[in-house]
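By written order: A, B, C, D and E. Residues from 1 in each chain.
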Amino acid sequence: MPNVNVRGPEVPRTIEALDPVFTVSNLSVFYGDYEAVRGVDMTIGNREITAMIGPSGCGKSTVLRCFNRMNDLIPGARAVGEILYHDENLYGDHVDPIEVRRRIGMVFQKPNPFPKSIYDNIAYGPRVNGIKGNMDEIVEEALTKAALWDEVKDKIKQNALSLSGGQQQRLCIARAIAVKPDVILMDEPCSALDPIATTKIEDLMQELTRDYTIVIVTHNMQQAARVSDRTAFFTAEVDGAGVRHGRLVEFDETSRIFTNPTDKRTEDYITGRFG
Amino acid sequence: GGDAKPSSDGSTSSAAPATEAGAALSGEVKIDGSSTVAPLTQAASELFGEEQPQVKVPVGTSGTGGGFEKFCAGETDISNASRAIKDEEKAACEAKGITFTELTVATDALTVVVPKENDWATCLTTDQLKKIWEPAAEGKIKTWKDVDAKFPAEALKLYGPGTDSGTFDYFTDEINGEEGASRKDYSPSENDNDIVTGVSGAKGGLGYFGFTYFEENADKLKAVEIDSGSGCVAPSVEAAQGGKYTPLSRPLFIYPSTAAAKRPEVAAFLDYYASNINAIAKDAKFVPLNAEQEAKLKADITSLKSAG
Amino acid sequence: MSAQHRTTVPGTQGSLARSRPRYGEFLVKAVLLTAAMVSVATTIGIVIALLEPTVEFFATVSIGEFFGSTDWGPLFNPPAFGVWPLIVATVEITLIAVVVAVPLGLAAAIYLSEYASRRTRKIFKPVLEVLAGVPTVVFGFFALTFVTPLLRYLFPFLDLEAKNALAAGLLVGVMIIPIVASLSEDSMAAVPNGLREGSYALGASKMLTSVRVVVPAAFSGIVAAIILAISRAAGETMIVAIAGGFKSVFTLYPGNEMSTMAAFIAQAGSGDASVGSIAYKTIFAVGSLLFVITFAMNYLSARMVQKYREVYD
Amino acid sequence: MAILSTPRSAVQLASKGRPLKEHLFRIALMASLAIALAFLAMLLLYVVEKGWPRLNSMLWENQPSIRRPETSGIQSGILGTLWIIALTAVMALPTGILAAIYLEEYADKTKWYNRLIELNISNLAAVPSIVYGILGLGIIARWLQFGFTVMTGAVTISLLVLPIVIISAREAIRAVPPSIREGSLALGATQWQTIYRQVLPASIPGIATGSILALSRAIGEAAPFLMLGAATLVRFNPEGVWSSFTVLPLQIYSFISRPQEEFSVLASAAIVILLAILLLMNSVAIWLRNRYQKRW
Amino acid sequence: MPNVNVRGPEVPRTIEALDPVFTVSNLSVFYGDYEAVRGVDMTIGNREITAMIGPSGCGKSTVLRCFNRMNDLIPGARAVGEILYHDENLYGDHVDPIEVRRRIGMVFQKPNPFPKSIYDNIAYGPRVNGIKGNMDEIVEEALTKAALWDEVKDKIKQNALSLSGGQQQRLCIARAIAVKPDVILMDEPCSALDPIATTKIEDLMQELTRDYTIVIVTHNMQQAARVSDRTAFFTAEVDGAGVRHGRLVEFDETSRIFTNPTDKRTEDYITGRFG
């Protein structure tokens, strides 16, 4: 396995050792009777960025939302198979989804700050989790890590909705960081942002992998190539009965996926022949 | 109760010193029933309120029957009635252990009215009234000509009190010979004002209600004289009092319950009612009682208060 | 720096288990469910209040007589129990109301949803809400003392009685305009903009887009609005009691005074029928009929709305 | 075929006489709205004009009098109405809002009992108010023995407006974007924390608006009180929840039943007061709506 | 200028002659006070496919909607500058926007069939335009041209919403064709579709340029490269006051834009360095 660094020289890292945070085996996800995703196997490495790409509707979001059990909230949604989180079954009986979500944070496609002050947005997570400590410090630390502190430190009591889109998205990342999670899931976090804001978020992701494991869904191949260590390529296949199911086609180091994919479909997608 | 605290004993109720003072009473006297009698009792209530502002006297107008219904369920203290209580109503009261006294408080001359522009019906016989109002008339007696060939063929538009009212019971009993027996195709209303508007707005209109309402609207309506076999008699205070206006002159009643009359505020109200009855009647534009009736009213109240 | 959170993430069994019991969540859910059950209790209460006297009523009066005769007079002597005059009056007043309210309400809805600027809508929707809030005694008073005299003056040949179905129905119609307008406007606003754009892009005018695309697409919502308005009209009491009257005679001519079901209940219910008497039970029998009719109509409307929601989801 | 018509002259893009029909349609639509509003305006003018001589302080300072209609007031009615409104607010609003939260945030729509509750609520919204009067009379006044008191009236009216409160509160709660809920849950908040700290604060203006409109329906109701047989001449103010009482609409109904013209004038004046209370409540609702309307 | 064919061998065409259908000069578009797009100059060639690409929010849709005056429908939207349509000013006083839209059809991002039967969907345009003739024939012709006839001919009276996404989009194209327009505008017509449906629509576009001029907005560079003759690359620039305006960066033959762009920003975008 070639030792490739696809993230540029500023963060020199190798990805030889795969210290798994999530181990997914034969995961299928159903919405009611509809099997949206079928038989996924993959592992998410500790303090890596894993990207999930593929055409629309192939089940990227669906799989991502299994990682923090956000799918529990959709009536009729059901995961079959196994997801181990540090060797513990995420869907085990004793597992409390609320505790899961505290450990595994999430950032959404469209920035969704609460209609409160910037401060209260950040403080919300620690408060509902009963985290004690100096809240001002927690807020400052989270905002600093999210590379937003300098821009907002003078208007910390202002309504978060007054921030720009890119700032709002970094606020949402800061909000996720404030509860000191282990993993951060991001579902197309830049698709509502302009290029400048996108660049900032991408830089931030690079920064954050020092401390966090990140899983990102993106429809932007360039973005996946730029930021991720590993890439999972999904696509939708039509079965005998004419029903479409999302499948994991290829999962590998990002450099490999983009330079030398094993699967013909991956290659077609990467080179823009479809999608 | 504040029995744990001795200090609260003396000051538990602000009403206590008032009762000791004797003059100022409090409490509530609940009255319901006839809408015919209501103006009288309401006038009494208003005047009484000037003397005893702490006593509340709400007066409802559910009709004579509706009033007895509540009265015999123990929900009211006094019931207004424009007819005497019926046997089945008595039975209902007995079942609940409610006893009462019938008090005559005024006399009414049930008045048959037509619009001013009606120049043919000055006097009607009771037979003619029956012909108009009996159940058999329904759908048949449609114009005045059907009543009497001498009358014009003007469409007959009938207005009267609703079936709830004592007035309806009384009129149907006296004219049609059976209580509640009436043609149904007339416009019924508990609201005497509707009868006024209805009759005055239709040339062939005819309606009936208490004399008071007629007097109020004498500018719009004409009262028909009634001939019960001994000549035409116009409704009036004197005719009613002197027993000449038959069969439509009638006594109006209030029915206080014996138990309620023991309560000081109810007793005070009844006393007030009796002592000022003619002033009240005048104020409410009713036909007052004659001296004999007035004396009887006072005697009845006295015996009611002293009753077992 | 990472030491801080790594400490909380040992991959040990049970680390994801509930850290503290959350009885509060169950309690909250129980309280909320109880609140929701109050509405069910209300329905049960209504059914209980209506059912017993109604059953007793039909033990005395046959269903055949109730629905098979046009002679109504339960408080007369002898009593008559043919309910048709009440039904006819109710239907007639409802019809007049619908004839007034549906065109006006629908047109107002199209105007507000498709034509009016945001500003105009912001002004007129609240004004319609005011119209919806006007107490029905006020409409009744207005119908009796203003509209009927006005109609009598303008159209003497109509031969209106002092109380009549026409004026009452007219004002019931005005009362339900806001219901038709506001709910129809809601369902038109819910029509995806893509449909409008699709129509405009084909060269359709605003009128054609409104009439041929928006209204059909919002159709079941509009029908639901109309059905709700109809049930409000059918059950309206004060307007008909004040301006429509209580004469319970079988008549079709709207210039006549007539008694609707609701008016009868108000008249007899505030009156003297003694508890247990057949006349008293009649109130409940008519009440049950009215309840069943409005309930059935609204059930239909709820189904409509549900169906309509499925179209775009 | 399209190509044949490619070069086009200027006139071809000009309008083809469509505007006239379009204009007529637009005018017809506006006229419909205008007619509806004209009724409202006429009604307002009529009662203000008719009630004008009696729109003075005697109206709210005096108690009603059948002896002196020219100086009669409506104080007991105003206070009775205020009592009913206050109690209804206390009973119907919390119940309705809690029920709405249950239905929007907790109820699993696939469960039959939740669907039943929903259907039931929308059906109750269409049940005539006179039927609620029967409920009040049969169950609350007689069976629960609450009698003919403020309490009976308030409970009856609360049940009457409950469906309206629930429906409008659900509307407001539904308007809070799901992304806010997801954001909160993704931070490890429990469902109740999410509701209490995010959903409710964000939907309060909408809930308040809906509640005020529901209460303004409550103040106009007369039919249920008619069934409850509230006394028509009440010359004292209610002193508590177990007191006899009357309400403005019923007082108006009783005034218009009187033969003297003075009562008709008095009724008009009372209507003006009732409509003024109504307008005040609606204005508060509009103000709330405009002031706190959320743009996400 | 090299004679490049980027659309594959099945439709061999040269694009030397530019017979303009639209001539845009110095077009700016305002939403209220906000100048969303500033100073655009371009020409749309007859029976060509012109693609508009660029990052989100750069004003592609805004410009496209000027071509059939759909922007008239947005309160406060205003176009300044000139668009000539066959030498006639599209925003001239005498011009009836309804007539404009009849000539210049539009297909939207999300398929938006009317909730009516397939037949009524197609017949709607001819009917509202008072086009006489055998409606059955018109419907069949439009569906045939949109390559949908064979799939739906047996269920022509069924509700159009029962069709698949790709079929719905072809229905919308058929609907636009049925009024015999001159130009068809398409705003991201494939972004809601799966790859298979996308391929079908792309093939269809190729077919349609025999008769129609097509302008397409797409966020998918591969798609632009595959189907278009000319490409306009837009981006958003921030002015001195910090306000973003859409600008046309480069407009040229597609082959040139994708192989040898003049502007650095175009190159960055094409090569995935931003966006």
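Keep in mind that, in the parts below, a residue touches a chain if its C-beta (ideal position, glycine included) is under 8 Å from a C-beta of that chain, and two chains touch if they have at least 3 such contacts.
Predicted, not measured: the structure shown is a model, and the values here were computed from it.
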Minimum number of chain-to-chain touching steps separating chain D from chain E: 1
Chains touching both chain C and chain D: A, B, E
Chains most often in contact, by C-beta pairs: C-D
Computed distance of Cα centres, chain B from chain A, in Å: 83
Centroid distance [mean C-alpha coordinates] between chain E and chain A, Å: 34
Mean-CA-position distance for chain C and chain B (Å): 39
Rounded Å distance between chain A and chain C, as computed from the means of their C-alpha atoms: 49
Residues within chain D bordering two or more other chains: 18, 190, 229, 256
Per-residue overlap in chain E, given as positions that touch at least 2 other chains: 98-99, 103
Multi-chain contact sites of chain B, meaning residues that touch two or more partners: 62, 66, 190, 194
Touching pairs among all chains present in the structure: A-C, A-D, A-E, B-C, B-D, C-D, C-E, D-E
In the complex, chain B residues that touch chain D: 28, 30-32, 38-39, 42-43, 45-47, 49, 56-62, 66, 70, 75, 190-194, 196, 213, 216-217, 283-284
Sites on chain E touched by chain D in the complex: 46-47, 85-86, 88, 90, 92, 94-96, 98-100, 103, 180-182, 211-212
Residues of chain C defined as touching chain A within the complex: 1-2, 4-5, 8-19
Chain A to chain E touching residues, read off their complex: 55-57, 191-192, 194-196, 198-199, 220-222, 225-226, 235-236, 238, 244, 272-275
Footprint of chain C on chain B - complex, ascending: 62-69, 73, 88-89, 92, 135, 157, 162-165, 172, 178-182, 184-190, 194, 197-198, 201-202
